[in-house]
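What follows are several structures.
In the two complexes below, subunit A is the common chain; its partner is subunit B in one and subunit C in the other.
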Partner chain A sequence: MSGRASVTELAGRLSAVVGARNCYTSASELLTYECDGLTHGRTRPDVVVLPGSTEEVAEVVRLARAAGRPIVPRGSGTGLSGGARPVPGSVVVALSRMRRILEVNLEDGWIRVEPGVINLDVTRHVSAAGYYYAPDPSSQSICSIGGNVAFNSGGAHCLKYGFTVNHVLGARVVLHDGRVVDIGGPALDTPGHDLLAALVGSEGMVGIVTEVTLRLLRKPEATRTFFATFPSTDEGGEAVSRIIAAGILPAAIEMMDRLAIVAAKAATGLDWPDVGAALLMDADGPTAEVEDLSARAVQIARDAGALELRLPRNEAERQLMWKGRKSAFAAVGRISPNYMVEDGVIPRSEIAPVLREIESMAKEQGLRVANVFHAGDGNLHPLVLYDAREQGQEERAEQLGGDILRMCVRRGGSITGEHGVGSEKAAYMADMFGPDDLETMKWVRAAFDPDGCFNPGKVFPSSRLCGEKPGPGGVEHPAVRSGEVQRW
Partner chain B sequence: MSGSGRHPALDCVHCGFCLPVCPTWLSWGREPDSPRGRIEIARAMLDGAAPSPEMVGHLDSCLGCMACIAACPSGVRYDVVIEEARARVEASGTRTPADAGRRSAIFSLFPHPGRLRVAAFFLWLWRASGLRWLTRASGLVRLFPFLGRLDALAPDLGLAEVTASLPAHTPATGASRGRVALVGGCVQRVFFPGVNAATLRVLSAEGYEVVVPEGQGCCGALSVHAGRDEEARGMTRALVERLEASGADTFLVNAAGCGSHLKDLGHLFAADPAWHDRAVAFSRKVKDVTEFLAAVPARAPRHPLPGKLAYHSPCHLGHAQGVQEPPRALLRAIPGVELVEVPEGDQCCGSAGIYNLVQVEASDELGARKARNVLATGAPFLASANPGCTLQVLRVLREQGASVQAAHPIEILDASIQGRPFPGRRG
Partner chain C sequence: MVIRDRTATADDGIQGAVPRLVLEPGTVEEAVGAMARCAADRLAVAFVGGGTMLGLGARPARLDAVIRTGALSRLVDHAPADQVVTAEAGMTLAALNEALALHRQRLPLDVPFSSRATVGGVVAANTFGPRRTRFGGARDLVLGVSLVRADGTPARGGGKVVKNVAGFDLPRLLVGSLGTLALLTTVTFRVHPLPETEVTLLFPGLTPEQVRALASAWRAAQLEPSSAVAVFASDRLDLGVRFEGFATGVADQSARLLELARKSGRAGEQLDADGAAAFWRRHDAVRERGSLRVKIASTPSHLGDLARSWLPSLLGELSPSGAVIYPTLGIAFASGEPASPAGLAAGLRDARQAVGAAGGSLVLEGAPAVIRPVLDPWGPPPPSIDLMRALKQRFDPDRRLAPGRFVGGI
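What follows is the complex of A and B.
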């Protein structure tokens, strides 16, 4: 691209805005930003910059654009689809210094925060007053609100309460030319097009979010939790289907299979038995209703073949059970050197047959798959375990992951429930959407970012340049490597 | 190396769960100053990258507080990662001569109780003679910031304290319940001799016979944490030999930093077949003194110590050794004590071994935060089981013109058993 400023010149200008300590160009530092929570694809950016305010973000965007550089926003870097993975020649704008809580209005039930604020810190901030922020990704202790907005993240309790998109009231965004716009506001509905819905889930392609107004909810009067074990995922899946068919809407209903249980136990020291499947369910609301729902659900689980039912005796025990579930992904690191987290959606009623199919697909590839998932909305997280040191295993794992996603689409589901498309799943978009659908999505994006300078190369499947081999260990086109050609 | 036989840096799955507990990440929000970032740097070095000054800076800024280990669902041995990475740095000669000089000055002083005692004597003389004022005013302290730092940190000492030594053998009061050996600790022994004396009295009152093997040097903890492995192995071997010779089969430690090191000697000697098994067997017999006492029924009656007492959990006790409840239980059992937690109690105070001497700015930031949190409890008394933390918190409070009275839990227990008032130093 012409007019491209050298890294040193650009870094000098950026440093003047954010301070030298918040601008990295040394390889020793850039290497820590090469990937997000998905580690098997890495790209080193040219510059990483950490602005401290909306004004600084706007100035950084202007400078990076003037220098002809693509911009990759980054929150806490826990994304699982390579959404925050840098692209060659890029400037990574990391929002992790912007974590002030700006305003709280409990009367009207909202809070305004900077994008780097950690999800759980929102709840911590208002918890003493009896409020909380509902979307609870398992990574809530570290993922940022900005990342949640970009990925429309969900969590166990989104079955009842909805995803991030249902909890964002307003946002301040820095656009491609450095303009700052406010979308939405504290009111529950604003007139005109719902631009917020276009922003939430846009995976960093619309602009950089620098403030977010979130809805706060009152803590439910009561919560009842139970943990049930089953001989296999067949009975577990059956229990989930029957509970929901009985008209019970759990606050959360999560399932883990044998391997996932082993990993969670190793990470937390929980005394869970070695069984084929386990369910963890929360019911919340007014006490009388909760007691009734939870008693009925327990009975249904028994009838569906539960081996054992456990009720936490106090809040600490309950938290520990949830910690077991929430650490399960990362805990898989204890039972396998490497793994890929997939994120597919299937109709709830298909849980049992899909899991059996996954198992046989895994056998064919000679690999193991652990399953942790939001059973209530059919959002599967198959974790494909492999050892990168073994010749060919990573490729086979990749293949298996892709096959699983395509199977989800075949069964009427989707290639992502909540982790986003990012770099990783762009290739599968064409399995789900036709050319017209994709074209329309690109128009929406172009309305915000005509040059495609924000997070290029993500989400949309791209045609290959000659000599290029995509994927991990792939070969970049020389023109891309040298920066002459940019993949938007 | 981890159980799987591969380098522990490779066990990290990049989930980021360790970031929100890391003091340096919380302060600055920058990835290279987070556990995940430091592991990446260690990994790059493993892949052959020569340590650059930037890498060294980010590794040095780690406090070694081990909060990240407790938070990691994947069980990454960050302690091994950082110690190895630091050992590589030391071996690579990347440090500037000034930095290297300062470090070697620290290491020729701190881990040597004998030299430390001589230095403490001069420090005492300097202060007592009024020369301190002179040097401060003359700007000498500014010329040698390190000297000033040491001066600001070191507690006020009496001559008797500086020259105190411990009895080799203390009998049990009443019928003996067993025999234990005590590790003296170097900084502890010189700057906080009261802690060792109190430990001996409490153990004796509780019915234990205590031996303090003579000629104990430093246990090697400070050196391990800074990547000076060879030096550490030498010190550790010497100490283990002395303690083993005592014939005791329980080795008690009252300084958290020493305890966390001595409990985990296996990996330091991983490549030394002659010593490995011996070191592991030794580690199994090491206990923190509060852990030891909380596990047996109390024998000596406790006198009331009325007052609100804040508990500071030192990283090397809480995170590295996982000893959380025992010291709290012992203190709570004292009649009249109202034990309260320090907000953000799992955050490091910035003392961290030699950190407050070499990473002044970061250490001050964390120290100020800790001091604020301690004051927020409104408690006039503070229990802190690590000499480094106590020095740090008292220094910051002193600079802020605030004050609490700090003591080691064992000193508080001792005062209760002896029927004396709350012990400790004021900041």
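What follows is the complex of A and C.
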């Protein structure tokens, strides 16, 4: 392309900023960066740089821009929607070297960190003092705070505690022209527009976050957990509805259907019965309150038709129950050669009918779907099982996944509750939003990044980039394969 | 479609800026029509809900028309089982909470003037009350919005489910935007169950250090109050702490906090219903009365500065005067009538300087006309002001939506 510096020239300049060791151009080095957790969609970037400071990031951005290159920010690469997937000719800016914890203030309840810090390390850093960082994606032992900010990540406990956006107080951002801007800070309500709202969830499309100030919470005094089984997801869904209707706000309330339970048992050897549905609920807070809430919820589950109720006798038993729940996702690999995970949201009162609809949609395609989900907030994770060796199954699985998302939208829900839109779901945005809605969102992006140099091709529906084939894959994220984390 | 319009009177003015035209849409479609008309006629327009926060921000630089949302007052949809509600922007908080109470639910935004403050106004002005301690502010409760852009085009953002990360976050971006980016027509919120019971404890006559120590103690003990407010009483603070929820938990937490205080030699009492109502009225009076109303946002560890230095330098210039501190949020409000305008302006400037140096902000929520010309209601713009200007430029390139009312002259 004319006017563009050659890769070698650009890499030379970038190396001068970040050091040759932190600048990759060879095919073998670039391989890791061709995709994120969604491993089937791959695009090789031209250069990958790993800056070590805000100043280096700013300089890298200036150089990449001067060379006319798109810039793709990257954290740990665990995203499940192709958000950190490079575009052709791009410079990937990986923040994984920026892992310092900069400042902690427990009385005011905040911590300032670099974006490459791993989610769980924030909690580890303040745990001894009795504090924690609330958003807990299941990938928390590997995903980065920068990635969490970009995707507004949540976890099982966001029903009570909210998502990343509710826990970010401030950020330092490198903009398209290399300017460094501070947004927000430890004091609440900075006068002016809520730019943090624009930043969190912007999927790497407005700038590169190089520092984040996060809210820290005091740990709850007590947590009570129970596991309940039901003949079917109808009774399970009913129990969830009644618990919520009783005015109880669980810290987490998770459901699995028969197929997911079978898979979890196969993977963990837990002695769970062979039933149609299982619920796992956490209540947390001051001890007396939690015991009261938990007892009420147990009674409600009984009344709603629970077959069996189990209360863990100690923390180890509790952890085991959660392990079963968390492993359900990867565990479906034991009952199907391939699967793809969807991430749709429905009004929680419609869980039972939606699951029946998913089942009949699956039957039509001749496929099976296992369901493991955050029942309290209606965030479904349907796992579409298929066998890629069978002619046409992969396409049907993809079709089914898309139909499920569109059904979520029809029911008043969303195409993503936590995995983000990325490149994978951009096409479905048009099912959820009209052209004017999308245009308005683009204005927000353009205010930060007028030329669209950060992470182009994400979130907004557009024609596919050349040579890409969208679709499901059977390849696991390496961390899941190695058993380091459970996908969830 | 005929949109109600009329010639404006002085009562339709914003800080003395009186428009020519008042538009009073009765439906969302009419609101779109009203915005389209303003766009076609290139009218500078501001939005008025209950008119309770018009003192926030500066006087509009230009004002041709006002769109009053009061007739947009319907409850659009309430799904009790999903704990989600959608209301038109002009519905008052009180009316919304009355409708929610039928299903034992509430929107826990306990804002001042709730019988007049509207859903759209509360979101646009980012108003909140003591329950922010536990439930967060508007940005923590809003799920979706429909809006009308400056060009007259309707658009939506967010959704109607409690969890949703699809697309850029327009709902939260509009929180606190004070009508500078778009007209809100409906807002969808997450709602909470009404608590079975609530209890207020009073710890009178504390020093700032004692308030801070008690707050640390209850945090160490993992108690979770839904509100904590210290009301200024001459040179001491009367601290009220509220617990809400199921009776067992509330009784237990209240008893434990009283015990914690007793151990450190502080007397506290559980107020009866009348006593609690009286305490919260004292709080409300500070938030709702006075021609001067100020908000100071800092951090909890600056409680001493707030109570010993920043607030007194203001209160000395007001008579009568009042102040409340939300100690766990690091936020305070002061109000009253200025004794001498010159002294007050100087006091505000000094306080703002000190608060700013500590990383916080001092914003006027209401000010007498004599103060306005000598003091920017927002203070120095934050370092991210250029991004805010860029945002404004995209949303409202002709600067017709509440021009000049916002931070940095936006």
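Throughout what follows, the second predicted complex is superposed on the first by the 452 of 488 C-alpha atoms of A that agree within 3 Å, B and C clash if a C-alpha of one lies under 4 Å from a C-alpha of the other, contacts with A are read in each partner's own complex, and residues count from 1 in each chain.
In this text, contacts are C-beta pairs under 8 Å (C-beta built on N, C-alpha and C of every residue); 3 or more make two chains touch, one makes a residue touch a chain.
Quick caveat, the model's predicted, so the values are computed rather than measured.
Comparing subunit B with subunit C, the partner in contact with more residues of subunit A is C. In the superposed model, A:Ala266 makes contact with subunit B only, not with subunit C.
Legend: residue contacts after superposition of the two complexes on their common chain; A:Gly37 is shown touching subunit B, with no touch to subunit C. In the overlay built on the shared chain, the residue A:Tyr339 is in contact with subunit B alone; subunit C does not reach it. Residue contacts after overlaying the shared chain place A:Gln365 against neither subunit B nor subunit C. Touch criterion met: A:Val459 reaches subunit C, while subunit B stays clear of it.
By the touch criterion defined above, A:Ser423 reaches neither subunit B nor subunit C. Shared contact residues of subunit A, touching subunit B in one structure and subunit C in the other, are absent.
Across the complex, subunit A is touched by residues 79-84, 104, 126, 136, 139-140, 147, 149, 153-157, 159-170, 172-173, 175-177, 180-181, 192-196, 216, 219-224, 245-246, 248-253, 256, 295, 297-301, 329-331, 359-361, 363, 378-379, 381-388, 390-395, 406-408, 410 of subunit C. Those residues of subunit B whose C-beta lies close enough to touch subunit A in the complex are 4, 6, 10-17, 19-20, 28-32, 34, 36-37, 40-41, 44, 49, 52, 54-55, 58, 72-76. Of all residues in subunit A, only 105, 107-109, 130, 151-152, 154, 158-159, 162-163, 165-166, 175, 181-183, 185-195, 197-198, 200-202, 218-221, 241, 244-245, 247-249, 285-290, 292-293, 296, 345-349, 374, 377-379, 412-421, 425, 429, 432-434, 436-441, 443-448, 450, 459 touch subunit C in the complex they form. Considering their complex, residues 21-22, 24, 26-29, 31-39, 48, 50, 76-78, 94, 96-97, 99, 116, 118, 120, 139, 141-143, 266-268, 327, 329-334, 337, 339 of subunit A touch subunit B.
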